[in-house]
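In the two complexes below, chain A is the common chain; its partner is chain B in one and chain C in the other.
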Partner chain A sequence: MTLNDLFQINPYSLSKAEKQKALTQILHELTNKHYKQCREYAKILDALKYNPAKVSSYADLPFIPVRLFKQFELKSVPQEQITKTLTSSGTSGQAVSKIFLDAENVRNQTKTLNEIISSFIGKSRLPLLLLDTEMIKKDRSMYSARGAGIIGFSIFGRNSTYALDENMNIDVDKVAAFFKEHENEPILMFGYTYMIWQFVVRALEEKNISFNAKNAILFHIGGWKKLKDQAVDALEFNRRVQNCLGNVKVYNYYGMAEQLGSVFVECEHGHMHCSNYSDVIIRRAKDFSEANIGERGLIELLSVLPTSYPGHIILTEDEGAILGEDDCPCGRKGKYFKIFGRIKNAELRGCSDTYEKR
Partner chain B sequence: MSNIEKYTQAFCQAFDIDEETAKKLKFQDIPAWDSVGHMGLVAQLEEAFDIMLEPDDIVDLSSFEKGKEILAKYDITF
Partner chain C sequence: MIPMKNVNFILGSENIVHTPLPVYDEDACAFIAEVSAKLMSSPLIRQYPDLSALAFWGRKKNLEKMKNNFGDVSGWLGRGLCFHIAPSNIPINFAFTYWFGLLAGNANIVRLPSKEFPQVEALCAVFKDVIKNYPKIADRTAFVKYLRDDEITAEFCKMADVRMIWGGDETIASIKQMPTKPRCIDVAFADRYSLALIDANAILSASAEEIKKLADNFYNDTFLMDQNACSSPQIILWQNDNPQAREFFWKAVFNAAKQKYVLQDASAVDKYTLMCEEAINNPNFESCSREENLIYREELSKLDKDIVNHRGKSGYFYEYALSDIDELLNVVDEKFQTVTYFGIDGACIHDKLIATNALGIDRIVPIGKAMDIDIVWDGFDLVKVTARKITIS
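Take a look at the complex of A and B:
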């Protein structure tokens, strides 16, 4: 199977055996390609004693720690082919990841995101309320993951409207006008989890204003780290979003700047799902062996998309656990999993665990 | 204005370029045609022809030439 074959089928249709075959082929080829075309990557693989002849499953392929993208400029195409350099939106002072993209890689990311998201919301483009500021579009040559996410999502909507002004204040009149104009049709909303919480939910609560959307869908991404500090979990988040915006179906999804496009969406049963384009392997921190279903460990992410940089198999600094494979009650095939958050928070076990539980 | 004129104009306006440049253009050939510019182009085309493109077609709109094939699906002929 090739990436183009994957584009022809439903993004959650491959069963374990089929996926094993398809991903082993595609990811093995990608590993060899990056080995040939990225000198730094080849050095790492040599140090890991990578032997292509010994690979029988994609789980055998070498993974590289995600922080390498902060320390090195890893690319597998000549500089003149790079059309975009994506930076992860790290907080000031922190090193940021740099991801080098060529036109083909960007296109495949967009195509994949389209396949995944439209499998949830259908192919028609709904009026779109972006719960962010238009300012994210400003600096275009070095665009941040946050901006890329917003623009990437825009293809699912029409009449894109930004809810926040340049100072991140919610423009109540604009939002009210949007809801009024589209009151008799389904609407789509998109934003980053923490921004939505801080600048939409909390802001509206303070102003004592609420809207009453009849039929809305919200996709949000960005992680729970900051919300955890405020003791807000997914249930509470969804409840408060619905309180201030109305009847909203909330979908959380997970993705990394290093693997844009092949995102993981939480289904109606609260499970994060791998699509045909990606997989998750949980590794035990002590020896990096593969953990069992239900066992907590480091999250390794695999994506068939990265062609212009060697980011197809990365070890994240997040902890998670596989919940099952091919048997989620929602009907989607593939592994489904749970994310516990960054490893450095692992010491806070107990209380952080408690409010992670649904 | 003929369809091809309207079509070319949409590119010129979206990216602030002349007609000659527009006719040879591919995605990311120029800094203006990045993913932000792409949505601007989509908006121009949709307004010019009073259509709404499907997400698949927005993704596939990768060059001036390809765009003409895509618009054919919306009964716009050149």
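Take a look at the complex of A and C:
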């Protein structure tokens, strides 16, 4: 199978055996390609004593730690072919990941995201309310993952309307007008989890304002770290969104700047799903062996998309567990899993760092 | 008067007397010996090996020996007030640095680690109990605890005649910016680089039992402190290299680590990431092998001066086969601290260092002794440098 073959079928249709075969072929080829075309990647694989002849499953293919994209400029195409350099939205002061994309890679990301999202919302373009500020698009100084996400998602809607002004204040009149204009049709909303919580849900609650959408779908991404600090989980988040926006189907999804496009979407049963384009392997920290279903470990992410940079198999610093495969009650094939969040930084003994950092 | 706002005062005197005492003052020695004796007879030392090491060091006999080694103590007094900034992640170090200051005849303000450690609490309780019997010492002691606060630290710095600054380059840089009296002496313990030197023939002729003992000792030098102490070896240099000897050694180390070491998930990722970075970045990277995620061994193709910039933690070791000892001496600089050895004549290395006017390497000790702190540390005789000699003629 090739990526083009995958584009022909429903994104959640491959069963375990079929996927094993398809992904092993595609990812193995990608590994060999990046080995030939990315010098740094080749050095790592040499260090790992990578032997292509010994690969019987994509689980045997080497993974590289996600942090490397912050430290090195890893690319598998000549610089002049790079059309976009994507940076992850790291908090200030931290190093950011740099992802080098060529036209083909961007096209495949868009197409894949399209296949995945439209399998949830249908093929028609719905009125789109973006729960963010338009500034993120206008500020071209940095093509950040957040801006890219907004622009990337915009293709699923029409009449794109930004709910927040340049100071991140919710424009209540604008939002009210949007709901009014589209009150008789399904609408689509998109935003970043924490932004939605802080600048939409909390802001509306403070103003004591609520809307009453009749049939809306919300996709949100970005992770739960900040909300966890405020003891807000998915259930609470969904409930409060529905309280202030109305009848909203809420879909959380997970993706990394390093593997844009092949995102993982949470189904109606609260399970994060791999599509045909991606997979998750949970690894035990003690020896990187593959964990059993239900066992907690480090998340390795696999995606068939990265062609212009060697990010097709990465080891994240997130912890997760596989919940099952091919048997989710929602009917989607593939593995479904749970994310617990980032692993704790190592706390080391030893004599440095006396005068603790503030 | 100690600036008390936001300072948690643990014991001793808030109005610290900073007139000095003689070196190896009788009361100071008796106080240390009594604390040690108390620890020795308490169940605590079985629970905390670091407390046991402290108690062993501070016993009466050892103090007498050190006093004898010092030579003539007459005419020696402390310099005055010593301010100690102890490491935040080695629980018991504060007690050693306090005792060094005390034996030198100084009054001591000791900043304890702000992290909570059960053995620190237990030890402070013993100190509190014993110090009552030694008013002279109590007047010259203040244990303080506070979260990092430059204002408070600056106040203590202004008062100090000696600063003992533990904790590496960053800490030193930030403390050294704080003004002191012109005559104040800084004893600063910078980031250092340490190594192990092993003779492969000695491994081949050792019994299984000896290898196991060696591995346990090596474990204590490295994993016990997450390989993150200055004296923990970063690299293993093999003399008379032999693959079988390496296998025996590492297998035994793996068994020790497997039994005792708790590898944090983040450390597993850090080590794997370091290996990838090294493969890309280090021109001397030859290969890397790993035993689960416990032991990473990076083989170097060449030993050069850049080696001090490559550091592993939590069980990531560099390895290199020496053709002769000069190959090591050629790269030694002032960053080098401890050589731990097995099957090698330590005196021979010692003499070579002197003969070649080496800038670095302050300690040569058998494997297993890397962590044994003593009066002479980092090349300083800590009693002598923090005391004052009055001459008469």
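Note that in this section the second predicted complex is superposed on the first by the 340 of 358 C-alpha atoms of A that agree within 3 Å, B and C clash if a C-alpha of one lies under 4 Å from a C-alpha of the other, contacts with A are read in each partner's own complex, and residues count from 1 in each chain.
One rule holds in what follows: a residue touches a chain if its C-beta (ideal position, glycine included) is under 8 Å from a C-beta of that chain, and two chains touch if they have at least 3 such contacts.
As the structure is a prediction and not an experimental result, all values here were calculated from the model.
When the two complexes are overlaid on their common chain A, residue A:Lys286 makes contact with chain C while staying clear of chain B.
In the overlay built on the shared chain, the residue A:Gln71 is in contact with chain C alone; chain B does not reach it. In the overlay built on the shared chain, the residue A:Arg125 is in contact with chain B alone; chain C does not reach it.
In the superposition on chain A, A:Arg202 makes contact with neither chain B nor chain C. For chain A, the partner touching the most residues, choosing from chain B and chain C, is C. Common to the chain B and chain C interfaces on chain A is no residue.
Considering their complex, residues 40, 43-44, 46-47, 49, 64-65, 67-68, 71-72, 285-288, 298, 315, 317, 319, 343-358 of chain A touch chain C. Interface of chain A with chain B (complex): residues 83-84, 103, 106-107, 110-111, 114, 118, 123-125, 137, 140-141, 143, 147-148, 151-152, 154-156, 158, 160. Considering their complex, residues 85-90, 93, 114, 147-148, 153, 165-168, 170-171, 174-175, 189, 191, 224-230, 232, 263-270, 272-273, 275-280, 285, 287-288, 292-294, 313-314 of chain C touch chain A. Touching chain A in their complex are the following residues of chain B: 26-28, 31, 34-36, 39, 42, 46, 52-56, 58-59, 62.
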